[in-house]
Amino acid sequence: MTAPLDILAIAAHRDDVEQTCGGTLLKMAELGRRTGILDLTRGEMGTRGSAAEREAESAESARILRASWREALDIPDGRVENTWANRLKVARVIRQTRPRVVILPYWKGRHPDHYTASQLGYEACFLAGLAKLDIDTALRNENSAFSQVASAVASVVAHEKQDVRLAPHRPFKIIYATLYYDIRPTFVVDITDQFESRFESLMAYKSQFSDQEAGKDIFPARAEIRARVESMARFYGALAGVTYGEPFLQKEVGLVEDVTAIPVKSI
Amino acid sequence: MTAPLDILAIAAHRDDVEQTCGGTLLKMAELGRRTGILDLTRGEMGTRGSAAEREAESAESARILRASWREALDIPDGRVENTWANRLKVARVIRQTRPRVVILPYWKGRHPDHYTASQLGYEACFLAGLAKLDIDTALRNENSAFSQVASAVASVVAHEKQDVRLAPHRPFKIIYATLYYDIRPTFVVDITDQFESRFESLMAYKSQFSDQEAGKDIFPARAEIRARVESMARFYGALAGVTYGEPFLQKEVGLVEDVTAIPVKSI
Amino acid sequence: MTAPLDILAIAAHRDDVEQTCGGTLLKMAELGRRTGILDLTRGEMGTRGSAAEREAESAESARILRASWREALDIPDGRVENTWANRLKVARVIRQTRPRVVILPYWKGRHPDHYTASQLGYEACFLAGLAKLDIDTALRNENSAFSQVASAVASVVAHEKQDVRLAPHRPFKIIYATLYYDIRPTFVVDITDQFESRFESLMAYKSQFSDQEAGKDIFPARAEIRARVESMARFYGALAGVTYGEPFLQKEVGLVEDVTAIPVKSI
Amino acid sequence: MTAPLDILAIAAHRDDVEQTCGGTLLKMAELGRRTGILDLTRGEMGTRGSAAEREAESAESARILRASWREALDIPDGRVENTWANRLKVARVIRQTRPRVVILPYWKGRHPDHYTASQLGYEACFLAGLAKLDIDTALRNENSAFSQVASAVASVVAHEKQDVRLAPHRPFKIIYATLYYDIRPTFVVDITDQFESRFESLMAYKSQFSDQEAGKDIFPARAEIRARVESMARFYGALAGVTYGEPFLQKEVGLVEDVTAIPVKSI
Amino acid sequence: MTAPLDILAIAAHRDDVEQTCGGTLLKMAELGRRTGILDLTRGEMGTRGSAAEREAESAESARILRASWREALDIPDGRVENTWANRLKVARVIRQTRPRVVILPYWKGRHPDHYTASQLGYEACFLAGLAKLDIDTALRNENSAFSQVASAVASVVAHEKQDVRLAPHRPFKIIYATLYYDIRPTFVVDITDQFESRFESLMAYKSQFSDQEAGKDIFPARAEIRARVESMARFYGALAGVTYGEPFLQKEVGLVEDVTAIPVKSI
Amino acid sequence: MTAPLDILAIAAHRDDVEQTCGGTLLKMAELGRRTGILDLTRGEMGTRGSAAEREAESAESARILRASWREALDIPDGRVENTWANRLKVARVIRQTRPRVVILPYWKGRHPDHYTASQLGYEACFLAGLAKLDIDTALRNENSAFSQVASAVASVVAHEKQDVRLAPHRPFKIIYATLYYDIRPTFVVDITDQFESRFESLMAYKSQFSDQEAGKDIFPARAEIRARVESMARFYGALAGVTYGEPFLQKEVGLVEDVTAIPVKSI
């Protein structure tokens, strides 16, 4: 087993993390943290590009963001559901990667896969910490009960080929990336120095963002994407007095050790 | 002129600061910060104790909280109003003491003096930063226009006997102490180590909190006060996973440098 | 069939009701009301204690709270789901016990079992009132369709050995116990006279709350528990001007017959 | 001095109370409570009718509502301001009438006089309870400082011709009538039995509500008024399961003694 | 295949649409728009009337509302669930009818079928637009996996007897009818001219709304229904300055071309 | 007297309107509407530039925005107060210019002049419609009572030299420009075609926005301003699916005539 991750970002689709928290992941990697990305689906429903193309692109993107770990589950694209089997699969990844911080999508949004991923991810974090839960046995039970999820489960379990049972693990902190939804964030991460690389990581998804014929009425041209991404990052940066920012929400109250060190000018 | 303050807490009445942010002020003083307290009124409407008694008690309390500076304005007790003259008086104190952080009461509450002090304090912070505003001249103009505020203004201006005009100053940060109002705070300050001294600072107001005949139907007995103060501190501490806490609200979003260092357990 | 209950409290785990509304249940019993408790799970996922130990403890606790009825369903601990089968099981209990008031957990929280129990309980209350719904037949249909829920369902149905079909019943009132979540309650119940017994009922769960080795990093010591429970009860009591209180939320507006009789001082 | 009031409703204009809480006042009178109405202004800015006409009409309306007390202050219509002098005037009435419950307008609304009356009324309730505040002396001081309020103040003070200083008094409860503003109320009062008389009390303002030429483009015809008033009463009644209701908001949480007695069906 | 619909209203039960947006549907039909109604269930759980009676009544109601299309799915009454199979069924209808605007119930409410229909409808709109999703194949896969949904699915697929695969379609706009829930709407539609016909369409459900013995304690008498429906329509009309209105909510911000043309008087 | 305005934008400082609603004003002018701008103060407190310079700049900006009318009142910069005298002054302008729509700043914000201008403007709109209010007489009364406002009032009244009394006028619609405050707008106006001219109008304030020595630590460089202004306009545009937008809030619900014509894509 490899070293635990400091941060694991979970999202529904390859290229989601790049849009919502890629700058933050890169910044943390630059600070020496081990970061990981879990994509719940493989993008087979996308209008453009095959799942295989997206896999290669996501690996290139992970390299740009300096992620230490990236995998994709086999939850069907367009059908992310908060089922017991899916919770077990995600909880299994959490036990494997043992992150201190988990980044989830915000729990409201336009795309059902996004908001469902948020609830699924949260409940998986909870399950991963239950000492008496044997995830592999539970997955095998699901397997025999429902034939339709059998192959998926089998592939997940086989993937690890592990000999030892995964130890319980619960992340210390869960935060929510809110960029896809117009809500006031709890805090912003300054990504001024990471902005260009983060944009590059998004552009690594050539099948999605190159100017092309397929889906040109629903996909904006590349120049338009740049303008949009930049204005969003500037907007959230401006809330906190920096040039470019990524927005996050946490459910808990803050805890401040030195009130003279609180950032962001009031007046 | 003395060294600038790191923190200035502004409240309507002597003994307000002790209840809402005394632990935080002491904690900051223990960290080597210079703290100050501005009481807007002198307590002449209080059911118990004279203004003179309260002055002595507030000095003793300031000593316990290790405050570097404490003064009281002469705004009438029970009649804190957000007037131009009052804004000038408070702005003048801000220019004198030059705090980086100002703590105000929350802008809702049961006592009109409390919530009005919040708005008055905020607008005074704004005025204090206007480079072209000559506060002493403005106060003198108010003085001649309204005879009834003359003596108050005169006393404030005379108090300083300064030779040089006060330079503009705007605090970097304004936070709101919310203990008097049932609202979810933005953050909590852990005052576990300061709790006993903070309670002692409140008990320094012997005229208010000793068991006595006058007003015994509106003032709780001392044992009851201890239980109440402790349960409030424990409640807000529990929100942040510490034993005793004081609650605050800030209007701005946060800015996080390292997401792995965010305190308060999520799950 | 026994007499209908006046109040039925539904919660996910044994010892939940003791923490969120035990004082209220005891107070109602002292007023002569028949109260009941339905625990949805049997606690097999708990870090400490076996399900069997918890069953004995919960019976002792029910005795202390003077509950007229207490049972536990066999929904898996850590996997409370709002499924048709689970809704039928809970609806069946509602038809059996015929409560006027149902107390549910609040619909947000840290533990997925808690917030899911809230939605599950609400929808079960709805189902229980549908005159044309034959719950036992519906449960048997579920039984044959999904083999994995068969034994559970069978046990529930067998448990009653009843000859007559349960009559439809819908509770008049549903209220939500909010103690586990930091939200402003609609109302508080004064449990000053019940506080000590309520704490004793919680301590009846010796497997959970005795100082012991297992799980000592996640369970607070007993003295700490007392302090926490007391500070919460005092905090909510203080909102309503009483010593100890339990917080509740209702979705409906209130209806006041005599405005001069509204309790809780405003100013 | 007469007996204290049980309830005092304060509003900006004659005929406001009739629209927002007339049914509740009548219901309380029928229960044997002593009710009072304080109109802050005398209606001189109204498009229709003179102040004198309105005075006669308001007396007739008070008779229909069985109010034990009704007076109007001389605050200028269209210029209700939350000044020290106005707070003193209202606080003086509170000391005179000593109500247990004060009904104020809600603090948001279309008409500035309404929302300002809410804040003015609240702060007057606070002032009235300050033991060390000598209201008549304070009014005389205002009098000499500002000549323009002199006659008003004099008339208020003279009105009473009292020999003894008014004792401090603070109402136990303050509630807000929300009918003029689209906000969800905390509770509703069932005025089904009072609805017709309440409508009659409104129609007592013949200068306002008779079909006539002046202002016919801004005043609805009488039949239309009936339909509107009825639909509002039915809407708020329906929230609480009764035929006609009046909506109110309270800031405090509720306190429930018997949860089986909470009215309003949930499901 | 017939011409696309301009508007499709989706609701859980026959007679829901009549209560929440019938006036709007009729108004749109009078403007020349093609409107449709999808009832998710067939009403077999209703206390009064059979599913067959309700079908005839709903056809009569559709005639009164001048709807171009109306069908009912076979989702079980009282058991509307947001499952993959149900999402596919609704998405299939959206591809068939190709509406520009979809009206859904609001996502909170008293009846679980109502709020679940809201989420189910939203996610179906999303699925219907996925170019790579072959709905009929997906339904057949569900069919073989779960025998209990087989006949339902088969009937839906057979119903169309279509030769060509349905093209992807996503509605431009989704709005939510909020009449069943006390929330402030985003906008109101003036149904003053449609009110009587809309009421007539509701009365077409004779099995539900005629005065009769069965269920007379839960169904209000006809005269009472008229009064309730009228007061609701008047209440929402009054918010927008018209006589009768129906309330809706949209999640998106508005877009205004000419600010001088914004309706609804402010002051 | 000139023709009535279609729209009057009221703001505290010269250059506020250019930042919050300049694009909308220009768009309306291009549609043939008569637009006006009322600046409440003359900018004498500004760190850069004199009041005289600002006057010339504001005239140039008005020309670029094609405003039909622009004036500045003499309310002191940094001391916008919601007094009777100020309300009368603004109400007088409303009677003079007779706008159908008034644009006010949002009622929360960082700068006290901004949020106070919002309340002042609202209450002035109300006063302007009171038929029995003779504004000039009321201003003269204020004049004699308070000597310090005498010259200001005199100048306003003299300014017009009118012979006839101004007729009452109340705007039909009041909307709030929210760009200075992070709140979700009710609607956005598409200013894609006006964006460059609007930016030019802001740059007409050379004393404020040229790169220069004075205040260079508080004023951003010109290139930075461009980036900020553009990202804000893009952010709000994106909410409504257009390139550049200006955000507004209205208090009233909307009224929709044709639901198939509602703009902004949902999904």
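Read from first to last, the chains carry the letters A, B, C, D, E and F; within each, the first residue is number 1.
The working rule: a contact is a pair of C-beta atoms (placed from the backbone, for glycine too) under 8 Å apart; a residue touches a chain by one contact, two chains touch by 3 or more.
On a predicted model such as this, the values are computed, not experimentally measured, just so you know.
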{"item": "Shortest contact path, chain E to chain F, counted in steps", "value": "1"}
{"item": "Number of steps on the shortest touching-chain route linking chain C and chain D", "value": "1"}
{"item": "Which of A-B and A-C has more C-beta pairs touching across its chains", "value": "A-B"}
{"item": "Chain B-chain E separation of Cα centroids, rounded to whole Å", "value": "56"}
{"item": "Centroid distance [mean C-alpha coordinates] between chain C and chain B, Å", "value": "44"}
{"item": "Distance between chain centroids, defined by C-alpha means - chain A, chain E (Å)", "value": "36"}
{"item": "Contacts with 2+ other chains: residues of chain E", "value": "122, 126, 184, 239, 267"}
{"item": "In contact (per the touch rule at the top): chain pairs", "value": "A-B, A-C, A-E, A-F, B-C, B-D, B-F, C-D, C-E, D-E, D-F, E-F"}
{"item": "Contact set on chain D toward chain E in their complex", "value": "110, 182, 184, 227-228, 230-232, 234-235, 238-239, 267"}
{"item": "Chain B partner contacts - residues on chain F that touch it in the complex", "value": "44-47, 78-79, 81, 111-112, 146-148"}
{"item": "Chain C - residues contacting chain D, complex", "value": "6-7, 24, 28, 31, 33, 100-101, 103, 122, 125-126, 129, 170-175, 184-190, 239-242, 245, 247-248, 250-260, 262-267"}
{"item": "Chain B residues within the chain F interface of the complex", "value": "84, 122-123, 126-127, 130-133, 145"}
